[in-house]
Amino acid sequence: MLPFWLILPTVAVLFTIQVYPALYTVWLSLQTREPQGWRFVGMDNFRRLSGMGVFGESIGHTIVFLVGYVSLTLVIGFFIALLLNRKLRFSGLYVTLLFIPWIIADIIVGIVFRLLVMPDYGLLSGILQNPALFPPNGLSVLTAVPPASWVGNFPFPPAPAMVYLIMAASWRALPFITLLLLAAMQTVPTEVVESSRIDGANGWQIVRRIMIPLMLPTLVVAIFSLTLSGMNGVGMVFSLTGGGPGSSTEVLSYMLYTLGWRQLEFGRAAALALLIAAVNWILIFATLRVTRVEERNN
Amino acid sequence: MKRLWTLMSMVLLMSLVLSACATPVAAPPAPAGETAGGEASASAGEVKDFTTWYQYDENNEDPASDERVGNQYLRDTIPAFNEAFAGKWNWVNQPKAWDRMAAELVAAVQAGGDVPDLFEMGSGQVTQFYRNGTMQDVKEWASAQPWFADLDPSAIAACTGPDGGLYCVPVAERPHLVYVWKDRFPEGFPTTPDEMLAEGERLKGEDLYAMTFFGSTDFDGEGATRGVWMTISSFGGTYDDGAGNMLLNTPENVAAVEFLRTMVQSGYVPEIAFAGGFQEENAFKDASAGAFPTGLFGYRYVNPLTAPNGNEYTKGNEEDMLDAITAGDVILSTFVAPEGQTPGCEVAVAGFGIPVGATNPEAAFDYINWIMSPEQNVTWVLTAGGGYPALLTTREMDAFQTPFYQQAGKVLSASACRPWAGSMERPQEAQPLIMDAVYKLIKEDPTADIATTLQAAQDEYNAGN
Amino acid sequence: MPSVSRKRWNSWLVNGALILICLIALLPVATTVLISFKGERDIIRKPPNFFPCDTPTRAFDPTACRWAIEGYQRVLALKPADDGLLPFALTGNIVRVYIPNSLLYATTTALLVVFLAGMSGYAFSRYRFRGRNLLLVGILAITGVPLLTNLLALYQMGVVLRKAQLPFYDDRMFLVSVYMGFFLPLSVWIAKGFFDAIPRELEEAALIDGCSPFGSLLRISMPLALPGLMAVFLLTFVNVWNEFIAGYLLVAKNEFKPAMFGIYEFLGQNIINLQVVAAACILIALPIVVIFVFARRSFFSAMIEGAVKG
């Protein structure tokens, strides 16, 4: 009986704070608000959600954001981890300094990056808005419109604000990913690396043929956890771009916030939340599968 | 390990110390209320709390805060009210963020949470509050009050909900108009769109801009109620069909959007107009933009000012704009309108609502009656409310005979102002839809077909009817 | 010895690259510090100047720098005070209300989470019972529900609780339980991972020596798991401190609002006063950064544990 009593408090808290509200969200997604109270509307919220122009746009923006955010963070994180993966006198210092961005709240990171590119007054704006460097009119990150899209309405190439948002988000996520990859890298046996070096493999070949295959499970975990955080983080969009200019950085999580808590369309917001939750669950279970398979292999 | 423990005990200690020092100071309203109540209760029984939600914070004494005027108003008026109603009411204000307080109130009423006795609101929120059952209908009470007959009928109309109930008590009318740097338009501010475009070209040659306006989609499409609406309504357009549907795709609206698009794409509007966060004001502050369509009450936020002739108004408070108007550097004007059209604008009414579930509505009634007394009325309209008094007799008072109000009066009598939402019942949903569409057309995609894009936004809104 | 010199050259290169990366990583932080020490005059300049040190004749003159602390002055709102220990009082809402609130929420939540996650993590690690795997996966799946809409139900729950007028209840308790619910799932997994790493033999030895199962948990496993639980504490502390949206939407009373809300208030009231916003950001982020620098190892272990398992 001991394990039961040990777990009970946790389960009780989680049920009240997480499970019950989630069930309430399901109920809410089938309701609409009228002056007299809630009214059951069936799948109407989902239908109206899919009819919203901004919904389609947000999906496109979310995809662009995620691809940019995940790949940028992963590549730079891998590179930094490679640099750190050796005996260095100051590696403790480097890791500490590199880690500071991760500890800062996303909402503050958003504000800090916004201060840098405030039109006219931001310190970076002084450089970016210079027409000599960025012809013809200089680049104002927070107001520049996105270039004409290459394929239909898909928001690619992204607006400068989206690129900047990706950079800010990566800046904050990098330390975490670097550490994760470094930990995995340190499990790669040095003998294997050394012997292939003796066999004449160059640095890139070692990375590609030995490190990446051996680190594959961790890489997958890193990709999933980045996708999850990118999918659900709202603080940075909130404080950095507010979805703008226009709707060019409006991602699904931010749309959920505006729909629910600004426009008070709780029914439709609940419907959107369920769609996001479905994606999250797929990612979470995929991560579990990968780690399980790895555990079994060990 | 040892270091960790030291750290943890440090954190604990720090939080204990801080929360210990914080408790007595952190909740100043409570102890203050207790002492005030304690003294009064000795003489006159029970003093009840009168709770309000204002976008102002009496505890914010920052002289450079954007809301310093309203903050100061509360600081001055709360003691005065408590004195006037000593032994009866004790005014407790909860400051709320201006762009979030309406949503918070709707959620609070829906959940049966803590709601204030009085809510500072704009007439633009009436339909939203009506639809969510947020506000009490105060028609019966208000129409029995002596000041009711003195109210401007259009202000009463703005506070009236779709069912004929009165969902706010109007105190100030906040019409929109155009602030103009006189020297930027030596020939006078243009009256037609074509003249405006010509002036834009001339000013562009001097590295200046004809106009700045709220062009971003920030604050859930707030821009749709400002410069964009002034343009649309001046072209004879509307956002609705008068029967609760959105109606955007009309020849007038297309012409108005076409005009804005030309202004923006030709470079007659500065980039900062699209930066959001009210940064468009900056282009007017340094006179790089010649004109700025915005609310009458906007004067208090737009400072310090530098005039084209080098005059500087640097008090850094609401007096700068008034000084510039008195000196003749800034003039007020109607917006441009095509031949045969009357310039339009937004008119919103600021006033008070009493939420459903308010604990002491009688306190709110006392407060409103108090605000309707001549002296308090002038103070409120000049500071907290901004704009014109809704009470017609107050308009006659000296405080409203300054150059600023005289000019504004002339401008407004030459305009046809009306609330932007018209008959639409979900303005908070319409606003971002309209602004997103207009923004795309005038700024993001100058080749997109105007009628098609407007029609799409209109269809999306009407799908929810 | 070409290989030695090549090695040394390599090490210089790596160190150089890492120093450069560190500098780039800290650049946004450094510029925020820089902005926070500027005066309004230097903030609203077009084009902006990196250092407020220019004179009409020279672009950079270190003796002419106009460093200012008005940003901090406006955040702290120092006022002379007659009573109290210090000759002045900090009247700014951020230091007077929001930061103490955040400290309270973060400490309380973290302690409770450590307690609950420690118990259940131990149970999951040491016992095989029916539904164990299902519960573990379920706890993880919970994190997939977006918090934003859950907040509506939680908001209503808070209202009901407030109306019930339970003895000792206040809104702060509710917020702490919400934060607990938010950050428990991951903490349970992390705690389980730490317990997994402790050899069972030690506990079995204790049992043989006559300890009760609970006694062995208390005397043997807990002390060994302390570094892990410390990590859970710190991670939760930081998470609560940095949490914005729940504090922003659930707390109605201003005197209960946490620090991240304070930042939002400053954004709303200081649209172009970048120095004030920067100063507020720094004051709010500083405590967390200090804690991190002192206890980084603990953070790293918790993060790796949390990421690989969850």
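First chain written, first letter: the chains are A, B and C, and each begins at residue 1.
Criterion: a residue touches a chain if its C-beta (ideal position, glycine included) is under 8 Å from a C-beta of that chain, and two chains touch if they have at least 3 such contacts.
Keep in mind the model is a prediction, meaning the values are calculated, not measured.
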{"item": "Chain separated most widely from subunit C, comparing mean CA positions", "value": "B"}
{"item": "Most extensive contact between chains (C-beta pair count)", "value": "A-C"}
{"item": "Distance between chain centroids, defined by C-alpha means - subunit A, subunit B (Å)", "value": "36"}
{"item": "Chain centre separation (subunit A, subunit C; CA means) in Å", "value": "19"}
{"item": "Residues of subunit A engaged with two or more neighbouring chains", "value": "118, 120, 261"}
{"item": "Multi-partner residues of subunit C (each touching 2 or more other chains)", "value": "46, 152, 264, 272"}
{"item": "Sites on subunit B at which at least two other chains make contact", "value": "107, 279, 282"}
{"item": "Complex contact set, residues of subunit C against subunit A", "value": "11, 14-15, 17-19, 21-22, 25-26, 28-29, 31-32, 34-35, 43-50, 116-117, 119-120, 122-124, 126-127, 129, 135, 137, 139-154, 157, 177-178, 180-182, 184-185, 188, 213-214, 238, 241-245, 249, 260, 263-264, 267, 272, 274, 277-278, 281, 284-285, 288-289, 292-293, 296, 299-300, 303-304, 307-310"}
{"item": "In the complex, subunit A residues that touch subunit B", "value": "33-36, 48, 51-54, 118-120, 137, 140, 142-143, 145-146, 242-248, 258, 261-265"}
{"item": "In the complex, subunit C residues that touch subunit B", "value": "40, 46, 74, 77, 89, 91, 93, 96-97, 99-101, 103-104, 106-107, 152, 155-156, 158-160, 162-163, 226-227, 230, 233, 237, 252-255, 264-265, 268-273, 276, 291, 294-295, 298"}
{"item": "Interface residues, subunit A side, partner subunit C - complex", "value": "2-4, 6-7, 9-11, 13-14, 16-22, 24-25, 28, 80, 83-84, 86, 88, 90, 94-101, 103-109, 111-113, 115-116, 118, 120-123, 125-126, 129-130, 171, 174-176, 179-180, 183, 218, 221-222, 225, 228, 232, 234-235, 238-239, 253, 256-257, 260-261, 266, 269-270, 273, 276-277, 280-281, 283-285, 287-288, 291"}
{"item": "Interface residues, subunit B side, partner subunit A - complex", "value": "103, 106-107, 110, 128, 130-133, 216-218, 220, 271-272, 274-276, 279, 282, 428-429, 432, 436, 439-440, 443-445, 456-457, 460, 463-464"}
